[in-house]
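There are two complexes below, and they share subunit A, which is joined by subunit B in the first and by subunit C in the second.
What follows is the complex of A and B.
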């Protein structure tokens, strides 16, 4: 139990890491959602070259493990002349990787959208960007909410990989706490509990949003 | 990159594949066991399994690996990196498998179960001959999907110093000062492994479909 006392004494370290994880997750989730929604346009395009290009991107991301992708961005791109610091490389990796997954699940939800809705939109004079933004996107996002929730949890979990490029997120701070004071059990348990709280909160929020979506329908 | 470098990454691929396979071998039955505990609503155990699944599902594999490797020695269980890595992957995949099995059990048609009951089949027999074959068939795509996710989560064990594909590629990149080629090669290997899983699933599904048709 004295271990937990040590962690409590140095809780500011863990809390800083937790805060950084939350910031990273918030930025990446927002970025991946917006870009993923935009990615559905080429994914659903009637032009085959555009569609296959977008599909190739999604498939490539689904084959790479996230950690390898982070390394690719952080260590691989400098040899092409692009250099990032670890924070921007980490957040960029999270956004680019999860954009593909968000795009794919929103595309699946879009292809289940009843045709009549889009035709009705056309009949009311909606077209192009306004059709997408006002008629297609809202029901697509609402019906994909549970899957979006799962992907948000995946972003939280992926963010832990950023410890490997020394981003000061929760797992990184728990590791440095454990190496400084040798309290492996308490510091990692604290991290696991904070991750759990984050994900349970996300699940709750998605459940709440889902109820809101049901009401609107 | 020399031939030796390629070979070292292929060697890493063997580690990735064997660790993933062992974790699947343990994780799938453990998941089934936990799902059965939840399905039969055993008091206390049901809630314990639910909490286990909820925590493990939301725990990043890296954090779990570090917890197992650094914290277990405190309670007198000292594991080498490879068993610790396998334990990490097994715990993580079993939690996801539990949910897959559980949803198959929940969706299992109740009338078939009752029919087996009315024929006087005992509990074990009922499960083995009526429930299990059907939920295996129904869960297979989701289970294979989880296996590919496991392969993609497996680089997490690199933090314990295990040389699997990703770490092997890093080493080559650090030595040659040209990280791009080994990373691309690693990417190709991962894609091949994931593709092999998906392909196996298709073959099994076709076999099952043929066996079903010939009966």
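What follows is the complex of A and C.
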């Protein structure tokens, strides 16, 4: 029986892993996007201590390898009395790590908005959360859509690291399949194809959103 | 609170006699670093007046406009809107909170040089946004008024367009309709035609003339001398951060009182504007 026939026979393993990957990516992407958007507020704050604190968080995340961060959350935090199961630790790591990247790319997009557009918000009586929510955030997101798309793809790829804490995602299941039946090439190729399909779908969705956003920039 | 309606004596500089003061600027100063941009500016604008601020680039006209609604925070002096001090709490020297400042800004319209429309909203949404989400007014009523205003500025067929699809003149007319939707006490125009192609200037000035005729109180920073001559009730000429001269347009353009204003007008005459 060829390697691919073995993988096809045990495709339910791969599909369970794929489904788990999609769930992990969906939760992490939504979490990172929402928290990243909120992080732009302190990143753009007029108050330097708040701005510095937010920038320190972004820098800290950007300078830590994701693999090490996952280790830290899953194996390190129990030493401090904080214990998570592997799913929670994995999803929390993806959200916290990618929040920093989302926050930074949205901050850059905010900095590039025409100043007068935000001033118009002030001039017409918007302030605080209402100004952010209605006047600033939508054009920031529309302008940053291509970069958000890249980051979503990065989340998909980062999710594969969660295999090291035994989260049953796609890479983990492909590895299990190959070690059980010794079909490394076919099982990894199957996983690669499914990652590719996920990323191409995200690219397509972002492209569609981009066309929607074009007139609104 | 100061009395809103101050009865004025007739003044030779074009100040209307009988109308209440809407906007009062008193001893206003502003510096950027060591550079004094505004020095001791004092000016009253009465209800229904169209005051045109003229002067060379760098005179401080736009900064004055921005200090009125506190987009720039003045260093000294005070600005009052219908008797209420802007930016500073009553009976204290404490700065208003952002929310308090936002509330008083709803009564001051502003038209920006580069339009500053919100690009993610349609024309209609741009006009409805602040009345709906700041003033919290009834949606159906706001929509009806917004459509009427867009009709008034000649953009009834563009309600569902996004700003990116409009010409500069159309964008600026949306900017004006957006101001009118707030029913402000005064509208500040910051060089509203400066970034328009020459053939689009007329359509914006026509709307502004119409507003002036209807008695809207307006403070207009402009380089359009013909508009200032025809539509202004008073000219305020500024240079080097100071008000050099004020007067009725017919007097200012025919016989300016100061040498600086004369030179300024001669330069414009030479350019055919």
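Keep in mind that, in the parts below, the second predicted complex is superposed on the first by the 214 of 217 C-alpha atoms of A that agree within 3 Å, B and C clash if a C-alpha of one lies under 4 Å from a C-alpha of the other, contacts with A are read in each partner's own complex, and residues count from 1 in each chain.
We take it that a residue touches a chain if its C-beta (ideal position, glycine included) is under 8 Å from a C-beta of that chain, and two chains touch if they have at least 3 such contacts.
All values derive from a computational prediction rather than experimental measurement.
Novice: Of the partners subunit B and subunit C, which touch A:189 in the superposed model: first, second, both, neither?
Specialist: So A:189 only meets subunit B here.
Novice: Can A:171 be said to touch subunit B (first), subunit C (second), both, or neither?
Specialist: A:171: touches subunit B, not subunit C.
Novice: Who does A:159 touch here: subunit B (first), subunit C (second), both, or neither?
Specialist: The answer is first: A:159 touches subunit B but not subunit C.
Novice: A:135 contacts which: subunit B (first), subunit C (second), both, neither?
Specialist: second
Novice: State whether A:15 touches subunit B only (first), subunit C only (second), both chains, or neither.
Specialist: Neither partner.
Novice: More subunit A residues touched by subunit B or by subunit C?
Specialist: Ranking subunit B and subunit C by residues of subunit A touched puts B first.
Novice: Applying the touch criterion given at the start, work out whether A:127 contacts subunit B, subunit C, both or neither, answering first, second, both or neither.
Specialist: So A:127 only meets subunit C here.
Novice: Once bound in the complex, which stretches of subunit A touch subunit C?
Specialist: My answer: residues 114, 116-117, 119-128, 130, 134-135, 138-139, 142, 214-217.
Novice: Provide the residue numbers of subunit B that touch subunit A in the complex, in ascending order.
Specialist: Spelled out, the residues of subunit B in touch with subunit A are 54-55, 57-64, 66-67, 70-71, 73-75, 151-156, 158-159, 165-166, 169-170, 173, 178-180, 183, 186-187, 190-191, 194.
Novice: In their complex, what parts of subunit A are in touch with subunit B?
Specialist: 62-68, 71-72, 75-76, 79-80, 153, 156-161, 163-164, 170-171, 174-175, 178, 184-185, 188-189, 191-192, 195-196, 198-200
Novice: Mind pulling up the subunit C residues that touch subunit A in the complex?
Specialist: 69, 71, 98-99, 101-103, 105-106, 108-110, 112-121, 129-130, 133-135, 162, 164-165, 178, 182
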